[in-house]
Amino acid sequence: MIAGTEKLNEGGSLAALEALARWQPYLIDGYQALSYPDAQSAFTLGLGAIYPTGSWEISGFEANSDFELGIFPPPVPEGADTCYISDHTDIAIGMNAALEGDRRAAAETFLSWVASAEFAGLYANALPGFFPLSDAEVTLDDPLANEFLSWRGECESTIRNSYQILSRGTPNLENELWRVSAQILNGELTPQAGADELQAGLDSWYTPAGM
Amino acid sequence: MTRKRFPTHIIVFLAPAVIIYTVFMIYPLIDSLRLSLYAPSAENPQVEEFVGFKNYETLFTDPNYAPRLQGAVKNNFIFFAVHMLVQNPVGLLLATLLTSQLTRWRGVFRTALFLPTMLSFVLVGFIWGNIILSPLWGIADDFFRTIGLGDLIQPWLGKPETALITLSLVSVWQFIGIPMMLFSAALIGISDELIEAARVDGATAWGVFWYIKFPLILPTVGIVTILTFVGNFNAFDLIYTVQGGLAGPNFATDILGTFFYRTFFGFQLQAGNPTMGATIAGVMFLIILTGVLVYLVGFQRRLTRVEY
Amino acid sequence: MTTISAHTRIGSINRTLQFLLLHGILLAYSVLTIYPIVLVLINSFKSRQAIFRNPYALPTPETFSTVGYDTVFNRAAFPSYFVNSLIVTVVTLLLIFIIGSMASFALSEYRFRGNTLLGLYLSIGIMIPIRLGTVSLLRMLVSLGLTNTLAGLILVYTAQGLPLTIFVASQFMRDVPRDLKDAARVDGASEYRIYWLILPLVRPALATILVFNMIPVWNDLWFPLIIAPAENVKTVTLGAQVFMGQFVNDYGAVLASLSLAMIPIIILYILFSRQLIRGLTSGAVKF
């Protein structure tokens, strides 16, 4: 998509919105007015059977639900056998390159520790569902987090389309995805019409690399 | 002829107010209007260059801005209309009841009716958005079912057709205390003899209200109207707390304040654009100024003439 | 004779009906304003499961829980948000009170060139909201090093509150009898001393102004969000907003924090309400 060879209104991107539209009959009553925390509560109170989300929800759900949780990866379309998951690189810590002297040394000490196996283990177990981007071998205590992690071996990696480059203009793709997805779930837009709006918005400011 | 020196004590009394007011209010207002005529330079976005009215042209014609501006202005007028049609008449009704000679426990009722006005937007937004109207708690649903109107139940805040009116009514709930207080004050000011005299002449309660009280509180009607107008066209907080910076669903609750905030400050991954933000503030400034001038020239002057 | 007594009887029935109707409406509307707040209060003392199982029920020994309040006091920086809000509100009100009454005194007491013009200049801010200048205000506060400081918020709120304060207070001061001031002058009192003597006489007006300034300052979300979002200067309103941010569903803690945030403003209202009514009815808001 960044290179301009894929479009939001065809192929896999369109299929994703079509799949989203098919969820509508399975959403709980009044879903249109449900806030994010409402939805989390609804699930942990047992009002829903399936909650499509990511590993970041593990600790909240484990703390608040009184039933046993299980997880499964995004199902694959009929006839396909490769599953896809996406790793979100959410947090980065860096150092100002202009730092000098003691402060530079202190910053480097801290960053080396953040990059160490010790930190990776502490981090991954303190926040189950958030995984360190480290080469170190880490043992996770949380079974759900382990299961999520195991999918890295079974599934291919896919993208988070709206982040970074494709959201650097107006209209902003991330905000547009929120808006259009809600419209599709509300039945106000067909997946195709929604996808066309998204692509038109992107076309209005983004010139694919190499074109 | 020596000119008398301006007395020091007058300067001492006035200086703090004039300085703080000028530096932190008047200067930013004017400078913000100036900024609306600037835009980041194409070569070096760190530098802002003078572009004349180009930002306004973008705001009024660019497909990314014009529909949003139109939507926000339209929604803002609907927001205002709901306040004028519900908040102020009901506020007047409550004030009339509160100041009636028959009424007992006035202080208790007055405090009860004024209570929501003292609450923060965050609390009001949470009470209505996350508790009463939340399908998860189901309180509004239970209420409508109890009074036999179960069929009307809808996820009001989640549907583009109903979300704006719903939020306007929540805002009315919050701010009704202000017209109620101002009208009460005006009604208390009306002399009892006048009303007694009318009663003796056989006027009904409605007649007393419509022919005697209402004309006398007309100046307050004007004040309440213009305060509502300015407050509504400057509103932001309630919509932001309930619907977020995108003022969903599909911008159905986007008013000028949320549009201004989102454009100026950015939201989620959308970067902020200070000069376009200043441009939207410029439009809001014009709308509010027009309203205030209409009030001062049209309404207030006519009233003064009547009084003489 | 009979006709007259029939009249009075109908009259008294009418009066009773009116009485009932009037109080019925006021009572119904009071329920509409109070019940939602009660709902927040009772649920703030309940466990999470109990909140959703029956939001109307009062806390019982089984469902009673102060887990929300524990979270607020122990895990979040709420006490510090509270202190921030109190500092901002109290200092702002003090400044508005002192600076505003001084300016009002000068405008109402002395005839000098530009008096009317200055009065008009100072009243622009009654109608034009300070928010519209936010873009420049933020830049200016950045260059003054006042972002993420309580001082920045206080200065902005003071500027915001001054116009109406001066407008109302100077009208009131004009009504203070001249003789009083002249007698003091004859006794050799300085102009500053006379200002000080006048202040208590316009108390109802000042109380009205303080209530009208206090509510928007305590409850404001816009300026804390934009010019002072840092953790150490967060106000209670912004703190609660962040607390109930979209990825948190700790209802107990949110309800507890909101319940706590209501208390100071209600106490202040009760303290000032008598003055407020007097101020309003004596024409504090005549334009």
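The chains carry the letters A, B and C, assigned in the order they are written, with residues numbered from 1 in each.
Operating definition for what follows: contacts are C-beta pairs under 8 Å (C-beta built on N, C-alpha and C of every residue); 3 or more make two chains touch, one makes a residue touch a chain.
Remember, predicted model here, so these are calculated numbers, not experimental data.
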Shared chain contacts [chain A and chain B, defined touch]: C
Top chain pair, ranked by number of contacting C-beta pairs: B-C
Geometric centre: closest chain by C-alpha means: B
Between chain B and chain A, distance of the C-alpha-averaged centres to the nearest whole Å: 39
Distance between the centres, which are taken as Cα means, of chain C and chain B, whole angstrom: 16
Mean-CA-position distance for chain C and chain A (Å): 43
Residues within chain B bordering two or more other chains: 130, 136
Residue numbers of chain C (touch at least two other chains): 52, 244, 246
Residues of chain A touching at least two other chains: 35, 37-38, 41
For the chain C and chain B complex, residues of the former touching the latter: 15, 18-19, 22-23, 25-26, 29-30, 32-34, 36-37, 39-40, 43, 52, 55-56, 95, 99-100, 102-103, 105-107, 110, 112, 118, 121-122, 124-125, 127-137, 139-140, 155-156, 158-160, 162-163, 166, 190-192, 195, 215, 218-222, 226, 237, 240-241, 244, 246, 254, 258, 261-262, 265-266, 269-270, 273, 276-277, 280-281, 283-287
Parts of chain A lying in touch with chain B, wherever the complex brings them together: 28-35, 37-38, 41-42, 47, 162-163, 167-168, 170-175, 178-179, 182-183, 186, 188, 204
Contact set on chain A toward chain C in their complex: 35-38, 40-41, 45, 60, 64, 66
Contacting residues of chain C [partner chain A, same complex]: 48-49, 52, 244, 246-249, 251
Chain A contact footprint on chain B (complex, rising order): 63-64, 129-130, 133-136, 141, 154-160, 246, 248-251, 267-271, 273
